[in-house]
Structure formats: structure tokens, C-alpha cells
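All chains are identified by letter, namely A, B and C, in their written order; residue positions are counted from 1 within each chain.
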Amino acid sequence: MSISREEVQRVAELARLEIAADAVDRVAAQLSGILDFVATLDALDLGDCEPTAFAPAAAPLRADVPDESRRLGPERATAAAPAAEEGYFLVPPIVENVNP
Amino acid sequence: MAYEAVIGLECHIQLKTRTKMFCGCEVEFGRPANWNTCPVCLGLPGALPRTNITAIAYALRLGLALGCDIRHESVFARKNYFYPDMPKNYQVTQYDLPLCEHGTLPVVVEGESRTFELMRIHCEEDAGKSFHPERVGDRRISRLEFNRAGTPLLELVTEPVLRTPAECAAFLTQLRKLVRALGISDGDMEKGQLRCDANVSLRPVGQSALGVKTEIKNLNSIKGVEKGVTAEIDRQRRELESGARIVQATLLYDADHDKLAIMRTKESAHDYRYFPEPDLPVLRVTDADLDAARAALPELPWVREARFVSQYGLPPYDAAVLGDSRELADYYEACARGGDAKLASNWIMTEVLRVRNDRGWPLEKWAEQVPAPRMRAFLDKVAAKELPGPVAKQVFAWMADEAGSVDELLALHGIQVQGSAEDLRPLVLQVLDENPGPVAQYLAGKTITIGYLTGAVMKKSGGQAVPQVVQQLLAEELARRG
Amino acid sequence: MSRAPNETWKLGAAALAARVRDGRVSVTDAVESGWVGPASMWEHDVNAVAHHDAEVRREAAAGASGQGPLAGVPVLVKDNLCTVEYPTTCASRILAGYRAPYDATVIRRLREAGAVIVGKGNMDEFAMGSSNEYSAYGPTRNPFDLSRVPGGSSGGPAAAVAYGLVPVALGSDTGGSVRQPASFCGVYGLKPTYGRLSRYGLVAFGSSLDQVGIFARHARDVAVTYAVLAGEDGYDATTRLGPAPDVSTFAAGVKGLRFGWPANLWAQGVDAAIVAALERSAIALERAGAVRVVLDFLPGTYGVAAYYLVATAEASSNLARFDGVRYGFRHEEAADVRAMYTRTRSEGFGPEVQRRILLGTYALSSGYYDAYYLKAQRARTRIRREFQSAFAQCDFMLLPAAPSLAFKVGEKTDDPLAMYLSDVFTIGANLAGIPGLTVPAGRTSENLPVGVQMLGPEDSEPNLLRAARALEVGGDVALLSTDEDPEFVWPTKR
């Protein structure tokens, strides 16, 4: 299966990655090679195989009780931020201003 | 050509749990930025979620109240998209296997009972907050903070079964009433505790296929939903009538200017890449969990309102007003049970709610000042005609600010009401007979002379009569002579 | 037997902790010993350590209790485990300088057991690699041959244990990242059953595959460390409920245990030295009373295919949070937040990480989910069943940890697929959630380590450790329960 330049660009945009114009063909070729390889899965009969999940389904849920021990507060929350002020994170302007 | 609108609503209900959906940070408002944050809700590397049991219990409560099918094994999924107020750049939500499906919400629209089918209800986490860009020095920046990030939300999606803006408003009003009655959310749209997006399409009347739909966001009041949907129906109708096609799009409603702005068309639609959240086990709901949720269900608002009509003989309108919140309905019942239910309804709907609105008191503040037994004692006296109307109003006004029984308040203010209407009537008739001049003036339209007549009756009663009662009697008798 | 104080670093963790507890060795000497001798000799060339700080380390030693099963034991932990006192960067530019405000659960448990964290181990960026060449801090090299890789992605911790910096180190194993470097560096490497060790504070790569793993030079030390770390964690909803299996029986021998011998797996493409080591190991196990069960086991390369889809899909989502907003590196010249994201991520992630994010994004994207991610998750179920039927015939399996010995630096960096295929023997355990343990199995004539791997069903760590101990003493049951660890054959400078 080969992946087109356009698909590489679309996927890169979804992943917020930028691929240099002169690298797109190489990335497309690498991804195509990997996709050819994973196509071996197509030969398997998986009709009776449910998707795997490990986590214990009987795990108790968390009691609705505050956990002060992990609370960071404004100073520690923003301590590692590239830009912060008065407990807020600062970022370049958000143009598309509604969460989809 | 005549068109009809097809509307589906997507509502987000913020749950009033103590802590967030997947971590132990408190859900509180008004804290400094990033006060209630931890590695989990801040999306720090290595942090993992753990589901809040109360959020699930609340979801079950709503699902059962609406008659949904509850899935015994539902699955959390990641919805992947980049947005600055989402710490992980994915939202933990539910996708193809939600907790609740189907169900209906009964709503009265313009006097007519309707039920609206639901598609699903699922649990998810809220985002943080981003602020409009501002200028700092020579740069423009946006601020972000995450106190709200991770707050438990229920998303409720209707089938496309609504047809008019009025139906949308009635639906939301009823939903708000329900979540309040269930005690799972305060449902205040202005505070974002209840949010609504609407999907709107038009089709020619008689056509069954759906038209192209648009989604309106930012509808943050019930009025706003009504106006936003109205505006969008009008816009689509104009487009269609001018021969244009509707383009699938997301629109923002600006309530201040009653305007819609196109935010995004389908070309830039998202690809959310949902997949099961590997950090969380399957959400298992046992029969015992369902029994516990069922046991926690109060009488549902629409059931209670119907009972108010049948049990207390209230008009449906009164039942709906008194059923607006669980607290109000409880207060009403405590005042009405075994007494004059209609009288209680009248006093609460007019006087109590007026005090609440005039003074901005929440009901609990009123109920603290005038607990139901106190109100009930007052109503009993009114019902027994021991308090003539005007006196009753005066006593009610004192009750809002002063302590003491009805009798104590009367005594405190030096009013004896043993001389009730029938005792006073002879004095009134006497005064009218003795004062033909002022009576004639009154009847000729100079109604101010009633003050003089009142004074005369008061004098005759030795100050024991209630001026309002006297005035009312005078007015009655004068009317008879006029 | 007594040792010169300057040879304290040669001790195993359990032996060292015993000496610290009874006061023969101070915590400071226990912790510093590896830095004085071995590190001064090797670290410059090997580059096993990404972050350390002598002052922090000495303070931690001074403040340590000197009690507990790991009293005074210095531990190097992979740079993807959150620690408050050292940076946690996953060897990536995008987390340059990042300090976590919290300790991972396994770190907290190490401290409670008396251990002292001495620094962060070098690794492949975000644990994506099999050679430790994809690190922002430069490659780690194999102390047994500096022209060769130590394996990856936990190459730093493996190499540090091998050259003597620490007796125990923690790594993480998503597709073999503990077991493969353990085999390249001649040490023990355990990937526990999925959910036995908390992942809280382990920077996620493939959440349904990741497990924290343990490196040590002796079977006993793996058992002691496992006992300290394993168990339910309220901060990780995927940890298994109830107490972890008891591994204190590691010296109980293997009499009557059946080990699977899937010789079909190494019929081709496996280095002859490894095949020979497998045969030697089988004979040692038989000598100790275990029974060889010949069986065919063929999960084949479809496991690798399933693995690369699941791991990259989960990674594409897990790594979305690295966006320059709240921590780490940010590209400063962007006009709006979206551009900032794209530039930050494009400059902050290395090429292999970007390649895997793209692959995972593609596998989850609209129209491909069923064909890729979902199919891979179904293939996992099939692999689990294949393991189950194999384990119906035996208590554990003996197989290679990798098809080759440590390969040369630069040998595979140009061919991602070849690098992926070198994980063929290890990824099955991650896909199936079962434990795997690499055991040293001798050296080549050039003193290059050879390792073998054992895989067992869920919670079979006690049996794997019994087998490891039996192999450590060459199958000689008389030596099983001696307290003295056999001498480790150290690398020599060439």
C-alpha cells in the first residue's frame, strides 16, 4: 500500500508536524514500506478475536474525595512553562477561539 | 415553498461533584488561576486518569430518570485534536459505546405534552479556559488556565426531533429542572453549568430526507438558544429561497448583537481519531449500581407536577411554577400538605417568589427566615379568616425581616385583629351615614376622601381596627352606594 | 568473604543493602562507590547517564534511612520516569530541562525501600528505538565493546548496571526495551506482567504495552526489587488488583517445571552464538530438574505488524501533549498558537519519533481505524491465545531475546523496518501482557554478552525468577540457596 504526498501532508497537519518539502517523498516512501509490512495482518483470520484490553474491569472507581497531596497550585503548575504570568500560561494568540 | 426546521440539541451538563472526573482536584469556582490543578488535569507527562465514582452515579441517575438503556460495559475513548485549553490535546470521552442510550424527555410546549427522543448520554471531561488575545508589550498573547479542566460533564444528545425554537427552549427548561431536581448539577447556563449546541437543517414540508445541517455553538442562555436557532432558521430559509445551497458549517451565535458568524466550514472539519482510552478499564455498571442510582432518584419533576394537579387541585401552570426546583416544590408541599393547598400555592407563587426576586434571595435564604412550619401557621390563620387580606400582607412583610409568631408580630406592632371585618362593618356603615358630604365627594370621583373616612372609623374603633381592613371595607361599602 | 571498601560497587543490591542495614557500609559509601571507580573509568565513553548531580545525590544519601530491603542501594532510572530532583526529558529536545513536580509511583516505592536515586539513564528518545542511538544526549555505547550499541530503548540503565555504576536500574519495556538491552549488556532484565508495576509517572509511549522493568546483575536483586515495586496503585487504574505474586521463592529451584522449547523460532535468522546459548541454558535447566517440552510456536512477523500499529497509534495520542504550552521546549517565533504547536513539535521531536507519530496518526485517522488499529488489537487477542495454548503445555518458554548480539553503532539507523524487526522475539510479551525475563547466558570469545529470554503466562514472575536463579548457578541445585552471588564477569577496557 502506498501513501501519497497529499496524505502525508494531511496526516502531518493532523499531528501538528511540518515536513520539509524536500522530505515529503522520503517520508511517504518510508511510511509506505511500513504499511506494506503491516499489511501482513490482512492475511489473518481474526473473525472470532475481540480487540484486546488488559485493564481489570472490576477495578474500583475513585471515591469523590479531594486529594490535596497532588494539588500543584498556580506557582508549581506554571513553573516549567516557557511563558507564564500571575499563574496563567501565556501562549501566542489563539485565533480559532472556540473549542470544537 | 414552505420549509420546516429539524433541530437536534447537544447539551453539556456540568456535574456538581466535589472533585474532578479523573483526579482528586476540587471542583470550585472563583479560585486563582491554576489553583486546582494536579499532574492529571494539567496533562503532565506520566500522569494517569482514575474515574470519579460520583460522576458515574450522577450519570446513572440522569440516564434512569430519562428511561435510557444503560450499558453494563461502556468504554472511555480519546478524542484527539489540538486545542490550547485541552491539556493533553485529547479529551477523554465516550464514543461508540456510551453509558446511556435512547430514552426520552417529556416536555410541555405551549400547553401541549410532548416527548423528545434522545440519542445518548455519556461522561467526559471539561476543558480549561482560554482568554481573548491581549497585548503585552509589543506582543499579542492569550492566557490559559486549567481550574475547570477535568470537571465532569455529561453530554446529552437528542435525536433530530425538535422543530421550533420554542421547543428547544422548553426542552432546555425541562432539562435544567430535571438536573436540579436530581441534585446532579446547578444547571445555570450563564455560569456554563449547562451548555447547548444546536444542529439545524431545513427541508420542504412533507419531505422526509434531512437537509444539510449547520451547528450553532456558544448558545449560553435559554433565550439565546431560542434566538440563535430562530436566526439560523431565518438565514437558511433566505438562502434556500434565493436558490442557494446550505453549506455544512459551524456557526457562532453572538447574543449581544443577535448575529451568527461562520466559524468553520466542512473543508476544515476535524478528524478526531477516536480510540479506546488505554489508561482506563472498561466502565462496568452492575445491577447493584443501578439499584443504588434508582434509590437515589427523587420523584421526577414532571411526575411531581402531575401529582400537584391531581392531589392538590392546582392548575398545571401553578404546578409548573412550583415544580421549577426541588427546593421550591418541597417547600410548597410542606406548606400545603393537609392545609389549603391552593391558598399555599397562591401565596408562594406571588408573595414568596416576589420577595425572592425583589431581594435577590435564593429560596434557602427565605426558607431560613420563614421555615415551612412558620409559613404554614401563617397560612392556616389566613385560611381561617383570622387575618383579613391587608393585614395578612402586612404580617407577611414583617415575617420576612422579623422573628415571632403571627400573634407576636401583631402584638409587637400594636395591632389587635379581634375586631375583624364583621365586627368593623357596623362602624363603617355608621361613619358613612354620618358623613354624607365626603361620601358624595368620593362617589363624584374625589377618592382621596377615603382617607378622612378611614380616620373617622379608626377613631370610633378606639385604634383597634386595622387601617387596611377599614379601607377595604369602606371601598366595598362605597362601591355599593355608588 | 570481605571486600576492600573501594570494591563496594561490585556488590549486588541485596548484599549491599544487608551491609548498609547492619552498619558495615554507610549509605554514602554505598551510593558513591560506583561513581568513584567504574563511572570515572567508563561513563565518558559509554554515556549511560543523562542527568546526575553529585550534590543532590550526596544529600539524598545523607538523608536516607539506611533501612529497608534496598537500604542504601543506588539506582539509576530511565529518563522517562518522573523524579522531582532530576530533569525528566525522555532524552528529547522537546522536554529540555523539564523537571516533573512529582515522583513516579515506582520512584516513591524505591525511596520507601531505602534506595537512593542517583540519576537518570540515557535512552532512545521517548523510548522509541532499539539501539540507544536516538537520544538528544548522544548515543550510549556498549561497555563490552564501545563500537557496539547497548540495545534500547533502555540502553543507559542496562549499560550502567553492566559497567558497575549501580547494582539495579529501572527501564521501561514497550516492545522489548528492557529485555533486549539486557541481553546486549549481559545483565538480567525483567518486564513484569502488564499492570503489576504502576505506570504512574512513567512518560507514556504505548499505554497498553508499557511496563516499568528492572535491570540487575543477579537474579536475587531482580526478585528483591520486584517485591518492592509490584502491586496495585490508586493512581494507575490499569494496575492489577490484589497482592503481587510472591517472588521470595526465587531460590526454590525448577524441579518439575516444564519449559517450552520452540526451536522452530530460531530455525533461521538467529545468531549461532545465541542458539548455542539457548542449548546450554536448556541443559542447565534440565540439570536442575526442569523438563524440556518441544513445541511449535509461531506468532510470526504479524506480531511485529500489530505491535507497530498499536504502539504508534497510542504514541501519536500520548505525545500530543508536548505542544510548548505548559512545559518543555517552545519555538518562540510563531505568530499564533497553531503555528507555535507545529514548529515546536517539528523542532522538538527527533526524526524517529516524528515518523512514529505520523504512522500512528495515519493508523487512527478517518477511514483507516478499522483496517489498522482495530485489526491490530484483534491480532493481539490472537497472539494471547497462541501464548495460552503454548502455556497449556509448559510453565514458561525459553527463546532468544533478540536475533543478534549487540550490533555496531550506525548499522541499522538507516532502515527503520530492519530496526523494528529486531524486536520480533520481545514484542509478543507486550502484546499479550505477559512477563518476560532476559537472563545472561555466557559470553562470546570476545567477551560479548549473550542473553536468552524466558516468557511465562501472566503473574508467572516467581517461576521465571526460579529459572533465572537456576541458570545463574549453572543448574547446580546445591548452589541455589547460597547467599553469595556468583562473580559477575566485568567488561574490560579495550
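Keep this in mind: a residue touches a chain if its C-beta (ideal position, glycine included) is under 8 Å from a C-beta of that chain, and two chains touch if they have at least 3 such contacts.
Nothing here was measured: the structure is a model prediction, and the numbers come from that model.
A summary of chain positions shows that the Cα centroid lying nearest the centre of all protein Cα atoms is that of chain A. Looking at which of B-C and A-C shares more C-beta pairs in contact, the answer is the pair A-C. Each chain gets a centre from the mean of its Cα atoms; for chain A and chain B, those two points are 39 Å apart.
Spacing of chain B relative to chain C, judged by their CA centroids, is 57 angstrom. Chain centres here are Cα averages; for chain A and chain C they lie 24 Å apart. Residue numbers of chain C whose C-beta contacts span two or more other chains: 98, 101-102, 208, 234, 237-238, 316, 320, 323, 325-327, 337-338, 341, 361, 365.
Residue numbers of chain A whose C-beta contacts span two or more other chains: 14, 16, 51, 53, 55-56, 58-59, 62, 70, 72, 77-78, 83, 89, 91-96. For chain B, the set of residues touching two or more other chains reads 39, 42, 50-51, 82, 84, 142, 144, 271, 273, 278-281.
In the complex of the two chains, the chain B residues touching chain A come out as 17-19, 23-26, 32-40, 42, 50-56, 73, 81-86, 127, 130, 132-133, 136, 140-146, 217-218, 250, 252, 263-264, 270-271, 273, 276, 278-282, 284.
Residues 39, 42-51, 78, 80, 82, 84, 87-90, 142, 144, 271, 273-275, 278-281 of chain B are the ones that touch chain C when the two sit in their complex. Here chain C touches chain B in the complex through residues 80-82, 88, 90, 95, 98, 100-102, 104, 199-204, 207-208, 234-238, 313-314, 316-317, 320-323, 325-327, 337-338, 341, 361, 364-366, 369, 373, going by the rule given at the top. The touching residues of chain A, counted against chain C in their complex, run 3, 7-8, 10-12, 14-19, 27, 30-31, 33-35, 37-44, 46, 49-56, 58-59, 62, 70, 72, 76-83, 89, 91-96.
For chain C in complex with chain A, the touching residues are 98-99, 101-102, 194-195, 208, 234, 237-238, 240-241, 301-302, 304-306, 308-309, 316, 320, 323-330, 332, 334-343, 345-346, 349, 354-355, 357-359, 361-362, 365, 372, 374-382, 384-385, 416-417, 420, 431, 433.
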